[in-house]
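Both complexes shown next keep chain A, but they swap its partner, so chain B is in the first and chain C is in the second.
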Partner chain A sequence: MNKPMILEVKDFSLGYTAANNELVSVLRNVSLDIEAGEAIGLVGESGCGKSTLALAMMAFLRSGSQVQNGQIRYHGSNLFEKTEKQLGKLRGGKIGLIPQNAGQSLTPTMKIHAQLAEALRLHSDLPRSTWHQRSLELLKQVRLPAPDAMLQRYPHQLSGGQQQRVAIAMALAGSPDLLVLDEPTTGLDVTTQAHILELLCNLRQELGMTMVFVSHDLGAVARISDRIAVMYAGEIIELGSCADVLRTPAHPYTRGLLNSIPRLDAEGLPPSLPGYPPKVGSVKQGCAFAPRCTHATEQCQQDAALVAENSHAVRCHRSGDLRRESASINVIQLPVKPTLEPLLNIEELQISYHKAGLLDQWRNIEPPVATVDEINLQLNKGETLALVGESGSGKSTIMKAISGIQAPRKGQIELGNEDLSIAVEKRSNQLKRNVQMIFQNPDASLNPRHTVCEILQQPLKLYFGLNHESCRQRAAELLELVRLAPHYLDRMPGQLSGGEKQRVAIARCFAGDPDLILCDEVTSALDVSVQAAVLKLLKELQQQKGVTYLFIAHDLAVVKAIADQVAVLYQGRLCQIGPVDEVFNGVHHPYTSALLNAVLAPDPEHQPKLSGDDASEQHPPAQGCAYQRRCPQADQTCSEQSPPWRNDGNNRIRCHHDLLELTLRNNSPELIEVANF
Partner chain B sequence: MLKLILQRLGLAVFTLFTVCVLVFGVTEALPGDVCTAFLGRDAQGTRLENCRQQRNLDQPALQRFADWGTGVLQGDLGTSLKRDKSINDLVATRMRNTAVLGFGAAMIGIPLAIILGVMAALRRDKPADMMISGTSIFAMTIPEFVTATVLIFIFSIQLQWFPAVTTVRHNAPIADLIPNIILPMITLALVMMAHILRMIRSAMIDVMASDFVQMARLKGVPYWHIVFLHALPSAMLPAINIIALTIAWLLGGVVIIEQVFNYPGIGTLMIRAIYDRDLPLVQAIALILAAVYVLCNLLADLSSLALNPRLRTAR
Partner chain C sequence: MTAITATHSVPVTKTESRWAQAWKNMRRSPSGMIGLSILCLHLVVAVLAPWIAPYDWTLQNGYIMFQGPDTEYWFGTDNMGRDLFSRTLMGGREAIMVTLLGTLLAIVWGGLAGMTLGFVGGKVDEWLMRIVDALLAIPWLLFLLLIIALTGQQSWTLILTLGFFYGVAVIRVVRGATLEYVPRDFVVAAKTRGESRFTIVTKELLPNVLDALLVEAAMRWAWMLLAFSSLSFLGFGVVPPTPDWGLMIADTRGMISIAPWAVLFPAMALSTLIISINLTADAFAKAIGLDRAKAPV
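Showing the complex of A and B:
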């Protein structure tokens, strides 16, 4: 009954030599057997060693790393005993890799056809004359439109989803039997992600490939894998079927991780995991998770037992008890009462990046359609408004206009009674203080050469003119506000973890005591367990200080957890706006339903519904509805006239179809067909 | 694409015009003029008047600039004072000689610099890299006339392989120049290599650490294919401007090296012209050198367009 093993990881440890010449283990005694044809998901948070393990399956070690013990056998033979030449034949051939960031993994100076031809030359027996034909077939196989034109392009001319598809086609060129996918959908839009996952599922069925799917996103893993291996601090701590691991997780870490994922169908904020993962190589004995574990006993400090029940293996002494305990999620409710006092008012905002050159002015060329147009938003004090939409939907552009970096072409932005449509250089200190921003990536937004104290002092000096002593005092208070101890004052950002850095960034933003805070994807660079803690912190601060958030996020579940109002944007135009519950649960604009349907949940049963395609557009259409080209329900009117606003209580939708029609189409498209007869 | 090229071309023309104005303006601002310089002590009375009339120096400056400018546009650089010959004739053969020298040096120096730079990058911090990098830093710090002198000492005086100074006339056929050209060519190549090599080395180290190179490895692309097909084109980008600047700088270096080897090129001619206060000739040579400079930068811009699809193709 046993299928042959395609890949066996046997007691595999891998380490690198640290600065003090000590060998630091990145992977510790990992064992994993992969059957031919199965899809296995490797999940865990950043630094847990999942990517290292995946690359080791291709016998690729980062420079400075070495195998400490154990082996990885592919079809029975140890990969690390093969010569460089044999490995070259395997890599990209029988073992294919789909990289995390296709945009950076495709050679920028080579056209797509050259890169595909290279793969065919190296890894197939096809004669040169058939390469072109085969390349076309491969591009069709990954569902790329207009493959002929695609071949003649450079990677930068493709959208993120297209680049990922090309990377998949390139892996398929070697007709692999094992496909290693290293975070293949991270960094893509929800809809694109859903389409890529769908493609991968289909390809697996068509070609019967074995897949190793590495991701931090349990939702994406659930979509594709038969089995899931959860990794923590370089070990596999739980291994079992997709349903077992996701439904009845038996390791406290897996539980905590699953609980910290915000979900569309849950109310309130998800609970976060306390503490931080151990530093690489710092765990010498006992269970690596014990310091963070609420179930830990003394035994856990000594060793970590591997408990297996049927095919569900868990590295935990307490898993037996945990299995019996029901896995209930205690969501955190932090009700914030928004006031009715209006704070931010945006009227008919239009923004364009296009600057008419002299030549264009002479030739009287029509400027291209504005990037962002007809934006009307009202925000009360103490409220949270989330802007959602795919990349290129104008979320960040609107934020740039509010922060004064990008001048609007038309329209009004007002904060209370003050005009915000002026450039940031012309704003008074008072106004600058009042509008603060938290950025996506704290690594880039904190100066790496300043201590935390210096970082926090700058706004204090600038806005309040505090002297050195009181500055330090105030900076310590700010750290307390974001739940960091005062000894962090003298640390450098490089010495902090991702979550701690983002806390410092939040503290800096609160240093100005602002009314309005612009949050640009503040949690998307963080691990889920840390994300939950940061979201909770933001909400608590809002409760405490009554600040208003304008929140950009691509994760709709995060939006659900934190926002009061949500505005759905497509190509710089509003599609739908209203209170979160009504927008998510009420009638949907076709684009809103496309977004919501593409959301993944860490549930093996959950299947995203795809509507339309994921083609990305460069420019909004000159007339009619912005979403006309991708909308499955678009008709003649949609391409000619601007759609009207339709109100369903506070839930406002901009669409030519009326509310009843939209409700029917969302719920059961087939009913419409019947009704039309 | 076309727009970009036209923009660059327009910029080049504008730069050249500015250079013309500057060159003319500077000679105009110098005390005295060609006649006082030429006549020396005799520069007074009717001789000066005659001389000035003869060379149209009694005309207003703007008029003379216009005349000179139209001449330049028509390819007529004017008349040399001292030699009383057309500057075009004087310059043509010397320009040819310098071009042969510079071109030869570039042909040896640039590919060698690229290859050595790549080698150094691939063997980073290993003995080969240390030797290449160390030598190139050393080469950078030595002035070219020292290198030239050392080369003359070794190859002309000790080994007696090549002549130490050029003895042929400026209008000798290229074949006659060959033995004379080798030492100056090596000197030039050595001096220009150092900068290019170091630039290529650092760019190559960056590119070899990039995601697409790692991916190429994981696609099973053989090592040397990765180096030359995937990595080098990207690594060349930052080096191109350095190459252009080095070639342009070479024009300055050429003056000294030609002087050391007594090579009949444009540099030697320029030194003589300055020595003789032959202002029209100096003016013409300055303009030519500026034109070559601008041309080099233009070529650099165009080749970065060719190498970088991001610049060349819209999204």
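Showing the complex of A and C:
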């Protein structure tokens, strides 16, 4: 240990006083030394205290919380003994923070140059005259194209990735030696996420900063960190080098977590961790993971110490025994037999949000290009079709059209023999019942003022006109279907965990006994271990009930695990469609390969390949291929003519280049330097 | 496959209902409890007044005009020698009855209209809100006087007109509160299920805007009391032999230099009632966490 420690967390405990005057510990005896220049990843599921720890590293406590014991030393001096003024100088200056949602952390009424000037005024000693020059340098440093023009824009005029880059530039303005990144890539598209991570890696090499990287995504952490600290219930349970933790995880929780991540190179569904993480502060003694651990013994009721072996520390009584056992991944296979009976048929669907005003009609103004166009999809009974694409690719718009809350401009949607292109109010009860939807965020899709019973009653009353007593009976059966005990009936959504809420949402959707279920990013708001369980549940229900899923996801590994068919969308146009195996392993559309290459894996060796830039487009092009502006292989024809469909068996690709050409390109992906100047 | 919930051991704490929690929070606020006790006192007195009034509140007695407060006539007597204590006890009955019914009407119609407009949105909402703005711009007191002059001084016309006008103000508040919930997924979920508009408004939106509605109701009630007393003061409220605070103040205000008690006691009764409603409403709003944005988190 020759290198100086930049930050030492020593036996640090943090708690807050709960309503019943009890002190609840959020962090329990955390010790962590961070060397200058290293990047450390804090990983764990929601509520494990990782963000709290990261904020405490800036001596920032959420109101109501207090330090119980221990200290955090920055360059040898305790942060919590400094005055507010000293801390103010430090935060944003020497210790920079990059927040999760850059869009919300930038002031919407200030132009980018004003935001940067503010950061420079507070945290640099540069004279005012050099600020403009320095701002330009900073924007170049974060690889933003055309920095001059960028300075004159407002935050809302930038894409999510660009906003995140500006937030990074602001953090760099104070030339920090420690950078705290709180989930910096969560909520971004896969391609954008890969670009931002690449940028952070480069910046670290250029500037030699120390980084604390907080994330629930082990793939993102693997990309950037030297060491990883795994947290569970406010404790560090495993700490070691990135390769050690990810390749030879010693704690059963870390193993379970790694196993539950769906991977592109695996078949079937990942196994899930049983149970749910404990509530904050509910564990006072013993191993917090013991109730969920398959290896737990009597001994686990006692506190375990963090035992280090070759700088790989584990907090587990049984780690010695477990290391000898091989960590095998047993993938769950739940074969579902899709039938050949067609259920959903979409033909030449076109949707536009534009409503022509009277004046426009009168002046005969061309309406803008439709948001979604030329969508043809066929879905058989019992099949799962996944729609993939970045945000703004029209996936949700298609779902809205199918569920009848957004009228299509042209085209046909049919369920069996019935017309689905009519608004939901005009559909028959039978048809309403047959199409159900599960939403992304169960926090938002369950009415916070209703009990679980009332939530489940609504569709039962609407579709079957059941009376109160039989509703309750049926609601209990529905809960059983999603593996929840009947005592959940009288709880409010606020009292349930994320996974439980999503199960209730799934139960509500099955109340109508539907044929087609629309799943809108159903697992993206959930923790990985819970995600695996929910995916398994969905698959089991499909086996049991023979339902058909139309699945929206941005995580390609999830799609690989659950779907039979994949449709890749870009700017509301289909790029590629076909069976999962053939689309993922066969010939790719250039956009499909861009998406696949950007996928992260929890493996220190894995490096996403970047192609093109991550600038998102506002509107699809008026003519030619939708992907022409970002495609590295685009030529003259691509911008003039609509590309033809090319078939490789069931794998259909819409591109001007022929299949052979595409295959060759796929095998030698060109690495294109991001936004070269 | 065993039920997942069977294996996990998060203690099932029976949490109290929101209203029990709100009551607990409210008990911590001294001003709220003072307000609530005064309010309750007023309501009890209003109900029991005919039985606790020591004298006949309409009996005129020329021999005892403008007597100061003493042991026989606790609040003194007025210009017609009527016992002020009995009249003050009785004076709130009509006002409270009319304004309570008026508030109820305002809340029901304003609340439903506000939620529906917020939910429907679009052109309908835009145009109707402009009408609401126009109605809000009318000086309501003058308008009330006009309507009463046209229809006469019955209680039910007062209730209807007060309820209508105060309902217009409720529309704005409730629509604002509704707009926050309309884009939420649970409303979209209800739409995709094919629920009727009425069900969505009453089942999905109402429970969420109920807090705002209740606080608004309390505030409107206080304002309406003031409006009712103003009307009585101007001679358009209660028909004279019936005692009413506003009317009592109006009748005796000329004699304030010789008999200040005749103005003071009804004025105090009116102001304590209004202040107590405001205090209670404020404390209630805080207790259910409505102004969470303002409170230091």
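Observations
Note that in this section the second predicted complex is superposed on the first by the 667 of 677 C-alpha atoms of A that agree within 3 Å, B and C clash if a C-alpha of one lies under 4 Å from a C-alpha of the other, contacts with A are read in each partner's own complex, and residues count from 1 in each chain.
The definition used in the following text is that a contact is a pair of C-beta atoms (placed from the backbone, for glycine too) under 8 Å apart; a residue touches a chain by one contact, two chains touch by 3 or more.
Note that the coordinates shown come from a computational prediction; the quantities given were computed from them, not determined experimentally.
When the shared chain is aligned, chain C comes close enough to touch A:Asn447, but chain B does not.
Of the two partner chains, chain B is the only one that A:Met58 touches; chain C does not reach it. With both complexes placed on chain A, chain A has more residues touched by C than by the other of chain B and chain C.
Legend: residue contacts after superposition of the two complexes on their common chain; A:Phe464 is shown touching neither chain B nor chain C. Of the two partner chains placed by superposition, A:Phe80 touches none, neither chain B nor chain C. Using the contact criterion defined above for the overlaid structures, shared-chain residue A:Leu484 touches chain C, although it does not reach chain B. Across the two superposed structures, the residue set of chain A contacted by chain B and also by chain C is empty.
Residue ranges of chain B in contact with chain A, taken from their complex: 210-212, 214-223, 225, 229-230, 233-234, 307-310, 313-315. Residues of chain A that touch chain B in their complex: 55, 58, 60, 84, 87-93, 97, 99, 101, 104-111, 118-119, 122-123, 153-154, 156-157, 170, 174, 618. Partner chain A is touched in their complex by these residues of chain C: 1, 3-12, 15, 184-186, 188-195, 199, 203-204, 207-208, 210, 296-297. Across the complex, chain C is touched by residues 63, 274-276, 278-279, 282, 291-292, 403-405, 424-425, 427, 429, 432, 435-437, 439-441, 444-450, 458-459, 462, 480, 483-485, 487-488, 492, 495, 500, 508, 512, 533, 540 of chain A.
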